[in-house]
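Each of the two complexes below includes chain A, the first together with chain B, the second together with chain C.
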Partner chain A sequence: MQIEVRMMMSRMWRVGLLSGLTLAAAPAHAFIAYVSNEKSNTVSVIDTESWTVTKTIKVGQRPRGIDFTRDGKFVMVAVGDDDTIQMIDAKTQSVVDSLPSGPDPELFAQDAAGKILYVANENDNTVTVIDLEKRARLGDIQVGVEPEGMTISPDGKTLINTSETTNMAHFIDTSSRQIVANVLVDARPRFAEFKHDASELWVSSEIGGTVSVIDPGKHEVIGKVNFEIPGLRKEAIQPVGIGMTKDDKTAFVALGPANRVAVVDTASRKVTKYLLVGQRVWHMAFTPDEKYLLTTNGVSNDVSVIDVAAQKVIKTIQVGELPWGITIAP
Partner chain B sequence: MKVRVLAMAALLLAVASTAARAADPRYPDWPCTQAKVPEISLAAVWAGPALDDVQNKWKDDAKVSALVTKLSARKTPLDEAERSVKEFLAGSAADKTANAKLLFAGLFDTLNAQRAQVMNGLERVSRKQREAADKIREESIQLQALQGATPPDEAKVEALSNELIWKTRIFEDRHNVVRFVCEVPTTIDQRLFALGRVIQQEME
Partner chain C sequence: MIRWLVGLIGLGLAATSALAADPVMIGVGYLGVAGARSTLSLVEQPAENDGVAGARLAIEDNNTTGKFLNQRFALEERRIKEGEDVVQAATDLAARNGFVIADLPADALLKVADALRERGTLLFNAGAIDERLREADCRANVIHTAPTRAMLADALGQYLVWKQWKRWLLVVGSHDEDKLFADALRRTATRFGAKIVQERSFEDKGGARRTDSGVTQIQRQMPVFTQQAPAYDVLVAADESEVFAAYLPYRTWDPRPVAGSAGLVARSWDAAQDQWGAIQMQNRFIKLNSRRMSALDMQAWTAVRMLGEATSRTNSGDVKKVTDFIKGPDFSVAAFKGTKLTLRDWNLQLRQPILLVDGRMVVSVSPQEGFLHQVSELDTLGYDRPESKCKLK
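Now for the complex of A and B:
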């Protein structure tokens, strides 16, 4: 019953939006993307209706990992050279607080409830555990040298941390905070992403030039995605960011200086299409309706907008210098 | 004064020897922290139709080659260059695809050549700097010897000190210019990619 009412309301809301009746309230529900610009020390705010930058927020030094809190009220951004994570109030779009990470935080992951944050600190080989409600440090987990990619299994029980130097994906039990398994992948694993049904874990290797598909139960590599672009040297193909559609049928993989995003059929693990986006593409985020996928292009200093259904790049938005991460309001 | 000269020379040599330790053993003279990519590959910037049939033909088209010259110039702001591309292709009507291919082929050749020239220049300066560092090292040893002699020849010490000051200053200035010029190949990459992207969008 309650669900029905909510669905009805949501439908009414959408109809209202379409007919323009609630136009005054509409901007609050247009999607808002936040992009961290590593070199200009700013965060660009993008409105996904007008596809323009509506605000540029000054943040700490070397902003990289960026994510919304689950309630959509704050944007967290790791400012590595200031050894902290800053909190941006999504309403006022200004920095209001900071979180106690370890030295040089690069990337972080939060549990499904949005209560616990796990931060990869590039400089001291640890993952810092932070209580997001109290904004207090709970402890540290010792991991491999130079922790890099971070993700949490959909059930919240396993934290995955990839290490640039050991070339492994470390499986960490979130309750005991102990490493329970290490899976060897190709050189310099940068990013890890679970399928929504938790059946597979995908890990990109920047130097190896592949994506390893891991069975998270058996802790075994069960397949690999390979990339080949005619006319490009293999070294130029450097997989980093991975985006998986909610139905788990299609994956998008950012290929760095190949300036392309690969569209991968997850069943066959084969690339079906390469999309030319911007220079040195690294990270990406879907709009919540999954109509669009936005990518950060570090060298061309812009964000590309991909129409997910059409598998086509439809827009480019100039942001700050060296755009790194991106997050979109839930 | 003499102490300062020596200290400066020592500092310099430290800088010079770091520069000499090239990150990529294939390019020992490459002085930049940015990785050296000898040339831009076509596939990194172009996903449009094959350009095999246009090759050097862009040079024969007066309009295209004039536009290539204008768009390749660093003094033409990028947004102005992008506007010019759109205007040119909008006015091309039936020849749009052909003109787009010609224009991109021209930009690709020209900007790649411009980039190679800048990189060669950087390596040339880097070699000169290494020679200058050797010279400074030699002369500062000589200066030390002169100062250690009893009695020291004040006139000679003075002359050599002055020479060292000049050499160090030139070395430092060059060092700063190199750091600045190291950004140029990337700026050219950005221009080629941005213009290529506009051309491809206009073709669709």
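Now for the complex of A and C:
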């Protein structure tokens, strides 16, 4: 079987060589995606050329937030019920180390240099600051009830944390590590994402059913994205993950139990299309060439592959139980 | 280095609060009855601080949020002893608190509501499940976070019907509350197409709930009590008074599951609920109170969280402003039940999913799939707008 695949691939390679033009126009980069499976206590490794799971890595209990280190050498995965963040060596694809994250880590963000990690600890209303090189804890920042969403402004000066029961986006100055502003959003803010040009911060509210668009300079909500799907009750629309294209023109929003990803035109803040994916879609990641967007569908235990340009779901890949987070090698 | 940094963060916080104006104080009263009721199961015996412990956690949650808004919540608890005047106690509590969470029997609650009406105090009914408080006896100054008997019965009934257990043997206790629960179950059966094949009543002849060798007798009595029943799928017990229902599982003459007041039970909350982020809430509760969280705790928590939600959205502690916002169309609250909770504007009852639990696990959550409604599927539980007899005043 494996031989067959290899033969097929080498044949495809030869075809590619023969038609050199095609090769240049559509370079067949293969990427590697890592998916945390909350219930299985595993991380599934997906090859984006064959669209298959190539390895399943055993990790700690309740893996959720997952991200590559900036140098691409490690995958960090928050294993909440073990109160730590584990480091997976991207070469050997096995757990090699862990970070002193504080209790019940869920999501985290790192600075541009990849030196400082900020971790949301749901159980004690804090954001923990970790030195990634020394793997040491630098301190804590007190935030609202049940911190979850984490992101850093493109200039690296502001850390955003959302707190699910306080219903705020907290703006934290990364140099002083103090909260400089709190912006009230709709109920249960789960995820925060900046536009690449830093002009807007988008925050999803799972129970509120909206995405708040915040002016990061004025610390004000300047607009909201609303969702409406015919035939679906409003309560089922629960926005969580947000993916913004590099040109900032299009945002993809995962709508949880609505089983759809909304395609949003960022200029008008209107939904242009709903893409049907797997069940209870939460998080997502683009391939670095931005050709594909991969989403984690918790209840159907799979990952949907969206062709970004065509705005179409082209594939479904079975992973472990309750897939939660996803990251793709840079 | 680490100490220096932590110190710096601490110093920063201190400086901010020193500069800030005096916080807006929001007083919340908690009015309950002294002494806990007795249950058949020792593990279900409510704690002395049942209910108020949930309110305390919500006060902490609100104060964490309040730090960022310069709002400060405080809780004042008052327990009525037998023979004490509830209106006097409520008036006293309302003198210092604009909001009062009540865990009182229906009659006492109505007296308090009427006594506090002129004052403008907003009451939350966290304990009483009586239908009449949301129907003929509804009050414009009482918001209900406790579900009603009809909501609980419908939640259970939807599941039993979904399971195709449509033939019910109904066993009813001899106290008033038992009969009210039986009424609700009969209504549910009619609504959802279940059939009560027979009704039996279990007379409370008195006697202790704790005995040294009671189990021997119970094992003989329960099979005899349930024998010669017509064919049925599930025994549904209405025993809010805790006289017999907990004795029924595994002891029925025919091998049948038990539901209602024992076996599969409908509740607003359970210590086993861990979905939709609830685990964080359960952990916070255990950390604060050194015990697990009950349905009453949750109903009180939700009431105080509704206040926190309203004070943060209105950026105000003003009783009138907060009350108007809670009763208004834009209000909703998140309470770890997978969907936003809103108020039925015709009787101020909180819409909520209901858990079906067996004492160890959450078996299901109602409304069940397929029970549809034109406004909210949550309104398939309990009395709906067209049926309501409530005129808010």
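Odds and ends about this structure:
In this text, the second predicted complex is superposed on the first by the 301 of 330 C-alpha atoms of A that agree within 3 Å, B and C clash if a C-alpha of one lies under 4 Å from a C-alpha of the other, contacts with A are read in each partner's own complex, and residues count from 1 in each chain.
Following the convention adopted for this analysis, a residue touches a chain if its C-beta (ideal position, glycine included) is under 8 Å from a C-beta of that chain, and two chains touch if they have at least 3 such contacts.
Please read all numbers here as calculations on a predicted model, not as lab measurements.
In the three-chain model built by superposing on chain A, chain B clashes with chain C. Of the two partner chains placed by superposition, only chain B is touched by A:Asn259; chain C is not.
In the superposed pair of complexes, A:Gly278 makes contact with chain B only, with no contact to chain C.
Contacts of A:Val53 after superposition: neither chain B nor chain C is touched. When the shared chain is aligned, chain B and chain C each come close enough to touch A:Arg233.
Applying the stated contact rule after C-alpha superposition, one finds that A:Ile141 touches chain C and leaves chain B untouched. For chain A, the partner that touches more of its residues is C, with chain B and chain C as the two candidates. Of the two partner chains, neither chain B nor chain C is touched by A:Ala30. In the superposition on chain A, contact of A:Ala198 is made with neither chain B nor chain C.
The superposed model puts chain B in the path of chain C at one of 204-212, 222-230, 312-320 or 384-392, which is 204-212. The interface of chain A with chain B overlaps its interface with chain C at residues 233.
Residue ranges on chain A touching chain B, taken from their complex, read 229-233, 236, 257-260, 274, 276, 278-279, 299-301, 316. Across the complex, chain B meets chain A through its residues 41-47, 186, 189-190, 193-194, 197, 200. Those residues of chain A whose C-beta lies close enough to touch chain C in the complex are 104, 122-123, 125, 129, 136-142, 144-146, 163-168, 170, 176-179, 182, 184, 187-188, 207-209, 233, 235. Interface of chain C with chain A (complex): residues 1-2, 5-6, 8-9, 12-13, 16, 61, 64-65, 67-69, 277, 280, 283-284, 305, 309, 312-313, 332-334, 339-340, 376-377.
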